[in-house]
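Following this line, the structures themselves.
Shared chain: chain A. Partners: chain B in the first complex, chain C in the second.
Coming up: the complex of A and B.
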């Protein structure tokens, strides 16, 4: 554990070494998120609600998504870079260390721009989420589980590169889950909606946690924990099996 | 070669003698066509672009269809028209490299643009030709796949003639967008770092360009502002034509913005090139 903390500390020091650049990046992402809020305000100005989702519920969904995605893409930013690390041979440095390579990779790098998402998500919840102690606790719990699920999903898809040599599934998967999670799940019907609860578990990244904050139910909590557990097992298995096939060696050897 | 201690002004190649505008256009067609062929030959990259475009379009059209309901309308558009709107607007924007501004800015701030200045054609002209060629090559794939998907979800295009106008409008919108991104990225000649601007530019196109929503959704003053901005020529114009609404006047507005933005890009690049200094050899 102390090794992990040391790596986290180093990653933070690296990311905040230039405070001006750090805050500029955070500000840029907050502005970016504000544009999406502007979209939803304009949308709900014309359409009062969509299949039970009104502005308040969508803001809550967006707050959870921004915070969870900000944690994953900001503080565990290598979760989305596994294909790139494998293709460039950058995985080698993790293999020689006395700690789990996956754990090391996940905490090794902080992407400052996505830290802005975390700031924005928390502020959005405080401003529009009608925070009470119970809702705040559910928000925090939902964000933690959603971030775990998102990390596991990205690692699983990223690990496809070990078997196919192609990194596109990882990149596409990330865009897909973030995009699909950003809209009310009930706008989809039939098989498309089913996919969001299974293959691309976008519903569990924002819509289900938002539902839990609004109307807590043990069924939703159990479903969310089950989905997260399944993807964590998948991620560990895919990365572990992939690592056994990893033979690229040092990037220096490629001439 | 050792690097000079101070930055050195980059020599600009003089225009080749006898280079008429028509000849310039013919010469620019070559890199544009090559860029198009390259995009279409890169099957992996093309599939990724198409899948991403489909994802965004399907999600947005689902949102608007749900908002309109089976027989209702939103700001005068039916669910089927909103579906065609979403696919056309997304095709117009998704066909261009998301981080084009960042890429141009890096080429300027790193000095690699200096090599392009040695060519007997204006830097910005060649860049516009190559980027437009790339985007238009990709657009062909997006239009084919997107039309099929929209047809499956919402039935045939609302009006065949408007559909044809929308195709022309899409091509115009793409070139307008590429030119505008060159204007914005040229700030790198002064600022060196324009990485954060692509975020803001993109979001402006999302809202004022009508990529996420028809401009009729915007409240009064904001709608007027959006209709007077060049961003409407990038996504709203082709998307509105794809819904079977709007007139050919939209194409004229797009052509007007194209002239203005290409001239602006040429002007800011010419000024920037004069002040560009590159360190190193």
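Coming up: the complex of A and C.
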């Protein structure tokens, strides 16, 4: 654990070494997220609710998505870069250290722009999420589990590169899950909805945690933990097996 | 010429318990089917603890691939290896805790941080407590004459300064083996010389095994005790540096900048390899004629505006090894 904390501390110091750039990027992302909220405000001004989802629930969903995705893309930013790191031989750096290479890679780099998502998500919950101690605790728990699942999903898809030599599935998967997670899951029906609970588990990244904050149920909690456990096992297995096929390379990039 | 097939290699006749590295029949194949490439083919090499070995070969010979196998970064397709008693690709983490790697073309220091901040992170990764970390950083600062560099952001350091800090980073945990891949690449002459001296000092003071790849003949001459040459993934030459020096590194090149026409230089063991109006290049076999004698004659007979003595490029040395092998 102290290894991980040391790398986290170094990554954060690295990211904030130029404070003006750091805060500019954080501010830019907050502004970007505000534009999205403006869209939903205008939308719900015209339509009071969509399949049971009103403005408050959508804001809660968006707060969870922004916070969880911000944690993954900001603080665990290499989760989405597995294909790039493999293709350029940049895993060598992690593999030459006496710690878990996946753990090192995940916390190795902070993308400051996505830290803005975390700031925005938390503020949005505090302003529109009717925070009470119970709702706040459920929000934090939901975000942590959603971020874990999202990380595991990205690592699983990214690890396909070890077996196919192609990194596209990782990029496509990331865009798909983030795009789909931003919509209330109940607007989907049938097979499409089933996919969001299984193959592309976007429902667990925002909609299910939002439902848990609003109306806690053991069924939802169990479903979410189960889905997360499955993807964590998948991610560890895919990355571990992939490392055996790693071919390295001569390009030593910044991991 | 001494070749592996003709006599035991220098580390073959020692107690296996004293070997730092022992690899047998290593093969690394990339790809499959008709497009498969064997980067390493039936590579066998042993290195004693405390030895300084130069591991050289032309580009694409398999040097980096075999180092990556020996450090556990890559898994071989076939073959066995132990490094400090560990199978690298099975015990990578335990092995990494006892080895240091320095790659001239990459940095283990973070550019926006100071070296001291990177050392703190590495110390935690290697399990050094705060007191030991501070003691090691102070020792390395003194040894590498780099203490004043440790608090400047890495991005502000020159390449030579950065390499000294890189070396400090890879020595922080007092590794028993140093794997160095082109450690002097891009350094100026003074920085190269200092780094070579440091490697020898470290080896002599702490018994650190040094396993070095380089394209610079001077690295081999001044750091290594033994040279292993590989080509197409196989060892083609393995002997100690004094033997190599006597047979191949005895040749030096003398470049003479000319201010006017120059006569032919006729001396035993001296060969003119290039000439134009402004430059005369002589190849000197120093076992037959000393550099000093050549310089005396050149300065006496030519209008000299500049003069330098350099090592032949590694490719030439390797070519001569291959030529001798075929002969």
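Operating definition for what follows: the second predicted complex is superposed on the first by the 249 of 255 C-alpha atoms of A that agree within 3 Å, B and C clash if a C-alpha of one lies under 4 Å from a C-alpha of the other, contacts with A are read in each partner's own complex, and residues count from 1 in each chain.
One rule holds for everything that comes next: a contact is a pair of C-beta atoms (placed from the backbone, for glycine too) under 8 Å apart; a residue touches a chain by one contact, two chains touch by 3 or more.
For clarity, every value in this text was computed on a predicted model and none was experimentally measured.
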Clash or fit, chain B versus chain C on superposed chain A: fit
Which superposed partner A:218 touches (first chain B, second chain C, both, neither): neither
Which of chain B and chain C A:17 touches, first, second, both or neither: second
First (chain B), second (chain C), both or neither touched by A:188: first
Angle at chain A between chain B and chain C, C-alpha centres, nearest 10 degrees: 90
Chain B versus chain C as contact partner of A:99, first or second or both or neither: second
Minimum C-alpha separation between chain B and chain C after superposing on chain A, in Å: 18
Common ground on chain A, meaning residues reached by chain C in one complex and by chain B in the other: none
Residues of chain A touching chain C in the complex: 2-3, 5-7, 9-10, 13-15, 17-18, 91-93, 95-100, 104, 244, 246-248, 250, 252, 254
Residue ranges of chain B touching chain A (in the complex, touch as defined): 44, 47-48, 51-52, 55-56, 58-59, 62-63, 65-67, 74-75, 196, 199-200, 203-204, 206-207, 212-213, 217-219
Chain C to chain A touching residues, read off their complex: 30, 64-65, 68, 71-75, 92-94, 96-97, 101, 103, 105-108, 110-113, 117-118, 120-127, 153
Parts of chain A lying in touch with chain B, wherever the complex brings them together: 24-25, 28-29, 31-32, 35-36, 38-39, 42-43, 45-47, 50-51, 166, 168, 171-172, 175-176, 179-180, 183-184, 186-188, 192
